[in-house]
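The structure that follows is given in the form of structure tokens.
We call the chains A, B and C, going by the order they appear; numbering starts again at 1 in every chain.
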Amino acid sequence: MATKPDTIYRAFDRKASAIVEFTLRQYRTKTSTWVVLGVGFTALALIFLIYIDVMGSEFESIDNDGDSTDYDNDGYPKGQEIRLGTDPWDSESHPGLFDTPIEPEPASMYINEDDFDWDITSKLGTQTTGIDDDGDCLNSNKTSSQKDTNNNGIPCDIIVEYFKSSDGNVYTFVSADSGVDEDPDEDAYSREAIHLAFVLSIGKLGFVLLLGIFLPLFMATGLIRDEMTSGTMHFMLAKPIARSEVFLYRTLGYLGIVWPYVIVLGILGALISGFVGSGDAFFRFADLGVWMAIIFATMMATLVYGMLFNALGVLWKYGIILAIPFAAWELGMALLSMGAPDAFLLRFSVIGWALMIVDSAAMLVWPNIDLFILMGNWGGGGDGGWSFDSSLEGSAPLDFFSSKPGLGLSPFLGAIIATLVLLFQAIIFWFIGGALFKGKEIQ
Amino acid sequence: MNLPENTPPAVPFTSQPITPQSTPPIEHLPDGYDSAAPVTGKVRLEAAWGSTEGDEDLTVSDTPAPISDGQIFKQQYKQWNGELNPRWMRNWAILRHHLLGVFKKGHRPWGMPIRLYLLVVFIASLSDVGMTLLSGLIGDSGLHSIWGVSRDNLYGHVLGFFPRNMLYYPVVAALLVGGVISEDRQHGTSALYFSRPITRFDYVGMKFLSVAIIQALIILVTLALYYFAEIATMGRGWAWIIDTFPMFLATVLSALLLIFTYTSIGLSLSSVSKGKFFPGIALLSIVLGTKVLAFIVSNLFDREILYLISPYDCLAHVGQAIIGTQPTYDQYSWTWSLASIVAMNAIALYVLSTRVSSMEVTRE
Amino acid sequence: MIPDFDQQGRAQTKEWVPEVTAPAILLENVSKSYGRIFALSNITLALNGGVTGVLGMNGAGKSTLFNLLMGKLKPSQGSIKLFGTDPWKNPAPYARVGFVPEHENMYDWMTGHGFVSTFARLNGLTRDEASIEANRVLEFVGLTDVAHKKIGQYSKGMRQRAKIAHALVNDPDLIILDEPLQGCDPLARTTIMNVIRELGRMGRTVLVSSHILQEIERITEQIVILHQGRLLALGNLHSIRERLDKIPHRISIQSDNPKQLAKDVIDIDEVFGISFPDGKNLSIQTHNLGAIHSQLPRIIVDNNHKVSTIDNPDDDLASILGYLTSGGGI
């Protein structure tokens, strides 16, 4: 009966589904499976709770340019005095002494009064942007040279320049005319930046790195090896089935429990961050693209690591000893990819490629993310003569966790190539594992 | 025809072939074979096994018992009057069994890869000793200022994140605790201990001690070598020693704390699992996983509170406090970290003690 | 450790055609060594049809032989063919093979029916077919009542029978059982033996290993004797014994009057020695066991002797092995 020729589908339907189902049911009976999945859920839930807490709290609004202060104690904030042309440092000069006296405005009007409005994209070259919302540049009685402190001939604008230096790296230069976009809304910016940084960090470190490595470590290393040590592998190998098939189907069974788990956690994460995250919209639909990439990258990572650790388990009774240094290496590579996504070493890791998928999706969904980081780092013109560090909260972590997909490819192409490389790696590890398993003598 | 040699003489009733139809009642038993009995040797076989074919008649269970005078011996238990060796001697035997296994055969087999890894970590941990000796030999003060004994370097020798406290010591602990108790549970070899005058406390205590001592051999010995290398190569006098000895002692203390914590967490994981892999990976994921989680949160939200659940960070924080290096955790006092370590150890030891005291002396 | 890239095992991509004339099992000059220790040396063997017992002491190489047959080990030398195909390179012949491993470990969390049907699907059955087949074989081995209980709750004998059911589910032509009777109580033994005998009667090739001769001889008289990795004997148990003509056989008769019996027995030509180990026993020495056995009953009946046992004390494995190894073998 088994010697009948089978179509691929029918062969798969019989043997593959039997082993996959068997593997799933075997996992179900093991306590360690539930402990591992539960701990993974708890750990991520902890971070999500902190995220919800942070999103629920107010970010302190700072008067970045100091114009809400009434330095001369005449009752008029500095911003109002500058706009109306009186001397902010002289208590005898204020708009109350005008012919038609003007009432002092509340100081809060001069906090976050001139938010970012950059309408450019990040590309090489010099661009000019920025609108002086509150009019403390355009409408003030400054001279035209005072209105053009960055000397580009356009009054009250911001120069944003991306340039390639001789070492090949791209640097940026921001120079604003005094009084343009000088007092951004911290709450809006930081909320958005921290939200973005959270999605990227939980996706890259929490999902792709931690789930991606530890789930396979716990669950895939013993897929074949445990059966070999307990002697139950004899049952499976006494059937007309090639060993590399057993290897593949066991791994598929492992994926059968890991992939739904990752997908469910990812959807939960997407829902939470979509509802809780910043923005006026009821739900951040755009982020779903990034979350899908995170889920997909984690699935690919668990696939490749699963094949690899399974193969290591077949190779050696102490396969875990080989897997642990490898996991440490991948951890190092993950941190490296944050700083140097173009590093050559990353091409020899799994995590480098998996993170490239997330980075590519982030580039597609949030095309202006590096401009956004630039804004936050610039933060209202700290380099324009203000005496305090002007970068806004959230821009540094976002800067750290976001990175361009390596290889200098377009995001879409990068994601496709990374996926292909990961699939290729999985197939290679399957072949190696299958070949090792075939050559293994089982007592 | 073919029967084992030392078969006892058949009792009369079994010499009658038993057939399914008629079970011969005991009173009808012939005294022996009559002349018509077939003599093929098969008779014996049938007698012994019930029938030639299917043995269906084994269901006939009312076969009478051998007629023989039974005797019941009076059971009497005597106190053993021999002299038991002192408790420490028995404990020493367990400890020795585990410790010497690292070095030679005939004791607990630790597994070649584990021993190899221990050796590699030991040699790698000597890197600062080597650099100190080198800087002393070539007299390079720049090299010495990087590698010589200082607060930061003493801290780094034990608690530095990469590579020591990520790649070396947690992995060593994970490999050691892997099978220490779980293998006994898996193979039922705990019976070998508990069938002897050894209490469970002694059993688990000696296992704990042996794992801790192996780690101490790596961490503390290299630390001491490092300190002495500095004294030897730089010709340090008493004044220097008196100056730096407290900080050396503080480092030893933090190393002991690290060893104790990793061992207690690892052994409690080993006592709840049957496998060899699980305790090791679980210990590693606890140490490194919580570290990564706390890192994400502190980096992203500027909240360090999650460091309190990370054994690595609590140990580092306490270490920074008692060694006196620049603290990297500044949102809360180091006593919180100390309390967290105490709590972790308490939970781990509680799990360990309940698991071991309720451990069944069987193959689970 | 180095992968063997010669292997051709693949998922049923093309039809596996067993060689029609090939015997179920064919071993040619097969040796298996671990380092310098030979677990099996130079075995040549062909088996087809009937029940064959593989006898040998512990460590004689029985399990090694079976693992070689099941493609778990690679022969160091020689070739192994199952239905004309090398099992190490191609798992396809297992479609016609059932294997009962020696290992005690089973999937305790599965039910008997789940166990058998899951592994039946690896033979290429669909879920429904597998379920029906599983019910069939579980009934055959007598586990129908407990088919839906967890294997973990089974007794030792039930576990062995579940393993046998798992091996029979593909209706195999060749069944290999590694120590199927080990650790079973007499009732379970009897059931398993019946199953094996039944399989032999159905014309299957059955290979049973044991280290206890009595077990095997209740199942079959066709035996293979392995000792220290070498093939010592092959064939009918009693013919093997009888071919060892150089060494006399002993027949031990327990009688109420051994002296009188001896007088009658001495007339048989083939008897060349008589001794009296004790007052009730008579020991006859002969080179021709069959001749004695054909004449002895008549003598006993004619002379009205009371005989309680007749033993061939030398027919157990230990003494046969002793003869074969010391007497130069066959």
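Keep in mind that, in the parts below, contacts are C-beta pairs under 8 Å (C-beta built on N, C-alpha and C of every residue); 3 or more make two chains touch, one makes a residue touch a chain.
Because the structure is a prediction, the values reported are computed rather than measured.
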Chain centre (avg CA) closest to assembly CA average -> B
Heading the list of chain pairs by contact pairs is A-C
The distance between the C-alpha centres of chain A and chain C, rounded to whole Å, is 65
Per the C-alpha means, the centres of chain A and chain B lie apart by a whole-Å value of 41
Residues of chain A that touch two or more other chains sit at none
Residues in chain B with touches to at least two other chains are numbered none
Contacts from chain B onto chain A in the complex sit at residues 111, 113-114, 117, 162, 166-167, 171, 174-175, 273, 275, 277-278, 280-282, 284-285, 288-290, 292-293, 295-297, 299-303, 306
The answer for chain C against chain A in the complex is residues 1-5, 7, 9-18, 67, 70-74, 91-95, 97-99, 101, 103-107, 109-110, 118-119, 121-127, 130, 166-167, 170-171
Interface with chain C, chain A side, in the complex: residues 1-6, 8, 11-15, 17-19, 21-22, 25-26, 29, 230-232, 234-245, 315, 432, 435-436, 438-439, 441-443
Touching chain B in the complex, chain A uses residues 32, 39, 43, 46-47, 50-51, 54, 194, 197-198, 201-202, 205-206, 209-210, 214, 217-218, 221-222, 226, 316, 318, 320-321, 324-325, 327-328, 331-332, 393, 397, 400-401
